[in-house]
Structures are given as structure tokens and as C-alpha cells.
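This report concerns only the one structure given below.
Residue numbering begins at 1 within each chain, and the chains themselves are lettered A, B and C in the order written.
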Amino acid sequence: MPTKHLLKIEDLHHSFGEEEVLKGISFSLDKGETKVIVGPSGTGKSTILNNIIRLVPPKKGKIYLEDTEITTTKKINQIRQQIGFVFQDFGLFNHLTAKGNVMIGLTKVKKMNKKEAEDLAMLELERVGLKEYADSYPSQLSGGQKQRVGIARALAMQPKLILFDEPTSSLDPELTGEVLKVMRNLAEEGMTMLVVTHEMGFARSVADELIFMEAGNIVEQGNPEKLFTDPDHKRTKEFLFQLTDLYGEGEN
Amino acid sequence: MLDILLEYYPLFLRGLGVTVFVTVISCFSGTVLGTFLALGKIYGNKLVSGLVRSFISIIRGTPLLVQLFIIYYGLPAYGIRLTPITAAVISFIINSGAYQAEYLRGSIQSISGSQLKAAQSIGMTKWQGIRHIVLPQALRRVIPSWTNEFIYMIKYSSLAYVIGARELMTEGKLIASRNYQFFNVYLVVALIYLIVIIAFVYLFNRIEKKVTIP
Amino acid sequence: MTNLELITEALPYLLEGTLVTIQLTFWSLLIGVVVGLPIAFAQVYGGKILQGIVAVYERLARSIPLLVMLLLINYGLPRLGLRIPIFRAAVIGIGLRSAAYQSQIYRGAIQSVAGSQMKAARSLGMSKLKAFFYIIAPQAIRIAIPPVTNESAIVLKDTSLAFTIGVVELLRQGEYFIATSNEPMVIYLTIAAIYFILTTAVNGMLSLFEKKYQIPGIGIKGGHSDAY
């Protein structure tokens, strides 16, 4: 039975100068799925995400959002409204409060009226557990709080899927928990998510599929439990065990 | 325009020499004055630091031209008559000293703290620490601001023209009052400043690269 | 005649000159903004040719002493057939010089914000224009306020050079009065005091601005304009 994929990536290539970082990546994402990409640093994992919303246009390959090819479309701004993006460095707008950050996409891009936008913003802030911080500025928030605002901002746009670019890498260890909890809840609520991360516990327990990348290629992809306990490739085993050692298996 | 340059170049050169001379003396002396002022402001007691602060504030809050006039036209009433060049150099030193004091203050304060504590921990007195540890680093760190100040001085030394000191601008004016080609002569003067400053900027960039500590 | 009486007598004339000084400052700063902003945009968003032209302008405006610029304008414009009042000539000279320095300030402010903020804005689907208006500009303005205040004080002091091309601003008024009264020091010190009050007022406005538009986390304290 043919299923329409929500996101489809076909033979994605990208290079920075002489160096090729993506050597033909292909995979797809269906509605409601959560897929996690792991791999050694610098293997181009973040580049895939940047290619999808074309903050960095890919050198070769095709990307489809449902039926639309978005690699070369002119309506990229519209497409970006449908794909949420959570940055490693939070990307919050420093001159706006938490509420302001969540609202601005709604008022200026989606052209909502202010009251509706405000209600929706407060809803999303409550969803990530930050209702009381609505009027705080980014500089007054902790890293974990900032990242949750970033997630709320992406959610408010009511996207079809959300891309997470190493969302907890900039956080102190004690703060990653609150962000991962929000992400886990989203996954359980049925949000379609593509996550690049080193958080093995999250990957193992939340992901529907794990994608292991190295040196610009997908080495192995499949059921997370399988990849952790009985992978096909030796390299997969080495890497995952190494990472589990470093980052731990579970969340508190 | 070129003919003016060719015909009068000895005069231009002499004026340029005076300009550079005035700038060099004022800038280096300004550093010495600035260092004393900065140290006074940071490490001095309340009275000293308050006096220094007021002094710096006043000099930075009033135009250089006014300061120049005060020294050249104002002092004679008290029996002090200076030649235009001397008056110019003195007021430039005072002015530059005040500005450099601020650059130095920032530079010293960006180093002071733990470096001074470390110096004292090996037995140095506070003043030894300042002299041997803090100042050398502060002086290096302040080089970009210093070269800035130098370039600024080259340009503002032109003010000495107003009191008749025979630097580049005045030479230009004298030439122009002979051949009445004011615009062309001043254009040549502008060109000379341009070339000289570009040369110094290039020179300073090279020096800065060599002197900076990673 | 005591010093106090002398000052009291001179004050009306000096205040007349002060008014001219303030006007010179205002108009020069305005030209600085009107010319400086587009230049900053050209430097941040412009193509190579535009950047090249702008670079030349900057180099010229920062390497030629203001005094020379004023004299060139004063003697040069009549040759082009333009006879403009010396007040305007002064404003053009001081203003164009300030524009070069202000463009550096604005460029720095924009660039210090641009980077990741632009990416985040675009990730929401904003066009570059919208992103600039709603995200970059508000922050850049706040960052630019301290150095612009500094530049304003510099322009204020530079207006004293208008004296040399005959504008009757504060310093020249002082000179006229000294010529008749022959007590230079007292008058000069009074003039210096007036300038000091003016520059203090300008810097004081910074504190007011900062308090009113303060956003925790944005803004750089203090700042020096570069000479070159």
C-alpha cells in the first residue's frame, strides 16, 4: 500500500568548498514518526537539516514535502512556515520577551491578529511549561528555558514537522532533562520529528527509527533497539556503545 | 594641480616634517602623561582619582581648538608667551594625554585583577606588580587605540594652522596667498595628508601583526 | 571690571553663538545619519562594486583633516558656480565626515546582530526584509546608541572648526568679544564651560535613552569611535 511520505529526501549531496560532507543521503519520514540521526561530529548531520529548509541550499539531490519538491521551489518562505526548526544555540530574538518570540512568527508571517496570536503563544508556552516566564527576556532565562521557548515558537507556527538541530548540545547536563521531556511529550502526542542529537537515551526510547551516519553516508538505519543490541555493522556497534558510555542510557 | 606640487614641494615637505614632528612628540608624550593619569585614576586615593577624573572629563568635553586658544592666546595675560609650535605641542600633549588615559585605563583594568594577585603572590609589591606585570601587558593591548590616536593627531595637528604654526596647512596657506590658487593648493595638501595617513595605516597594521601576543 | 561682570556682559553674545553651534551640530548629525545609514547598508548588503565605492569614500573622509575639508568646500564650491552660505558649507563638511564614522557604527551594529538572528527569523518563514525590520533593526539600534552618542559629542566639538571659514558660532563670538574687551582667558574659560555643559548634556541623553529603551541583555556600555 503506497503511503505518502511527509518528508522524502532523495540522494542528497552537499559540499563545503572542496570537502564533500553529504555523499548521497536518502530516507523518508512519515506522519507521526520520530526519527533520530546520530553519528560522529562533523559528518554533516546538521547540514541535512539546514538543506531541508534551505538555510543552506544543497548541491545536489531532491527533497519533497508531501507532494511538493522543495529543493528548488520559489515559495521557500511558505515552506519554512510548515517546517519547524529548533536551533542548537536557541536562536531566540533578544529584543523580545518569551511571549514576543513565540508571537512574532504568528503576527508578522502568518498575519494573525494580535489577540489570537497572544492566546496561541500562551498556549504553547504552557505546553512547554513556561507560562510564568512569558514576559521574561532571553537574557533572563536559563539555557533549558530558552530552548523550550524555541520549541514553543516552532510549535506555534503549527508545522507539519519539526527539525531539531542538536537541541541539547549547548545545555548544561542538568538542563537537558527538561528539554528532552518536552520533546518526548511531543513525540507521544504524534508530532512528526527529525532530530539530530547525541542523547542516546532519548534516541533509544523515543525514536521510531535510528539513522546512523558517518563520513557523509548512512551506515545503518532501523529500529533503535536493534541498532543498540544487534546491529548489522560493526561500526554502528562501536559508535553507539561509545556514546552510551559517554552520555548515558537514560534520562531522569 | 601637479604643477603646484612640483613647484613648491620643498615647502610642502618642510610643513609635512613639522606636522609629523608635532604628531610624534605629542603622541608619545601623551602616552607618558596618559599613563600617569590612568594610574592615578585606578590606584590613587579618592582625592587624586577625583582630580584626574575631572581633568580627563574636562579635556574630553571641550574642543581641541578652544584648548589651543587658551594656551596660546590666554596665557600671555599671565606672562607666559609661547611660540605657536610650542603652544600647539603643549595643548596636543594635554589633549592626547587625557584621551590616552582612558584607553590605558580600560586596558589596565582588563588585565589587573588576577595578574596583580599572582605578582604579589611571588613577593612583588603592588607597585612592582604594576610596573613589571600589568603595565607591559596593558601597553601592548592598547596599541590599536594608540595607533588610532596617532592618526587622529596627524589630522588634528592641522589646527595649529589657526594660530600660525608653520606646519603643513600653514605652508599651504602661505603658498596659496602668493598664487591665489586656494582650492588647488588645499587639494594638494589634502592629497598629502591622504597619502601620509594611508602609509601610516599600512605601517601600523604590519607592526600590530608582529607585536600582538596570541 | 570684575570677571563676573565681564562674563555677564559677554553671555548674551556667547549664547547667540551657542545657538549657532547647536544648529550646526544638529544639521551635521542629520546629514551624518542620512548619508551614513545607506552607506552602512551598502557595506553589509551591497555588491562588490558598491562596496568598493563606499570604501573609497570612507578612506577619503577619514584621512583628510576636517579643517582641510572645510577649506576645500569653502573655496571649491564657488568654482563650481555654487555660492552657498558658509553655515551650509560647514554643515556639509562636518556632516560628510560624520557620515563616514556613523556608517561604521551602524555597520558594526547590524553585523553584530545579523548572523544567527537572521537564520532564526528566516526559519520562521520571514523574508529578508521582514527579518531586517522586525528582528535585526530593533536590536541594532539599541547597540548603536552609545557610539552614536559619542559621535554626537565629537561633532559638537568639531563645530568649533567652522570658526575658520567664518561661521559665527560660539568660538567666533568669543573672539569678537575678546577683541573689544581684551580679557581672553576669562572668556575662553567661559566658552570652554559652555562646551562642557553641552557635551555633558549630550552624554546625559544617552542615560535617558538607555533607561527608556533598555532591554536586558542588549547593549554595549561605552564606546569609542575610531579615528581611522
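Criterion: contacts are C-beta pairs under 8 Å (C-beta built on N, C-alpha and C of every residue); 3 or more make two chains touch, one makes a residue touch a chain.
Bear in mind the structure is a predicted one, so any value in this text is a computation, not a measurement.
Chemist: Examine which chains touch each other and state the graph shape they make (line, ring, star, complete, other).
Modeler: Topology of touching chains reads as a line.
Chemist: Given the two chain pairs B-C and A-C, which is bridged by the higher number of C-beta pairs in contact?
Modeler: B-C
Chemist: I'd like the Å distance between the centres of subunit A and subunit B, where a centre is the mean of that chain's Cα atoms.
Modeler: 55
Chemist: I'd like to verify one number: the distance from the centre of subunit B to the centre of subunit C, where each centre is the average of its C-alpha atoms, in whole angstrom.
Modeler: That pair's centroid distance is 21 Å.
Chemist: Using the average of all C-alpha atoms in each chain as its centre, how far is it in Å between subunit A and subunit C?
Modeler: 47
Chemist: Could you pull out the residues of subunit A that touch at least 2 other chains?
Modeler: Residues of subunit A never touch two or more of the other chains.
Chemist: Per the contact definition, I'd like the list of subunit A residues that touch subunit C in the complex.
Modeler: 53, 55, 77-81, 85, 87, 89, 91-95, 104-105, 108-109, 137-140, 153, 157
Chemist: Applying the document's contact rule, which stretches of subunit C touch subunit B when the two form their complex?
Modeler: Where subunit C meets subunit B, its residues are 59-60, 62-69, 71-72, 75-76, 79, 153, 157-161, 163-164, 171, 178, 183-185, 188-189, 191-192, 195-196, 199-200, 224, 226-228.
Chemist: Within their complex, state which residues of subunit B touch subunit C.
Modeler: Of all residues in subunit B, those touching subunit C are 58, 60-67, 69-70, 73-78, 102-103, 145, 148-149, 151-152, 154-156, 158-159, 161-162, 169, 182-183, 186-187, 189-190, 193-194, 197-198, 201.
Chemist: How about subunit C: which of its residues touch subunit A in the complex?
Modeler: Within the complex, subunit C contacts subunit A at residues 116-117, 119-127, 130, 134-135, 138-139, 142, 215-218.
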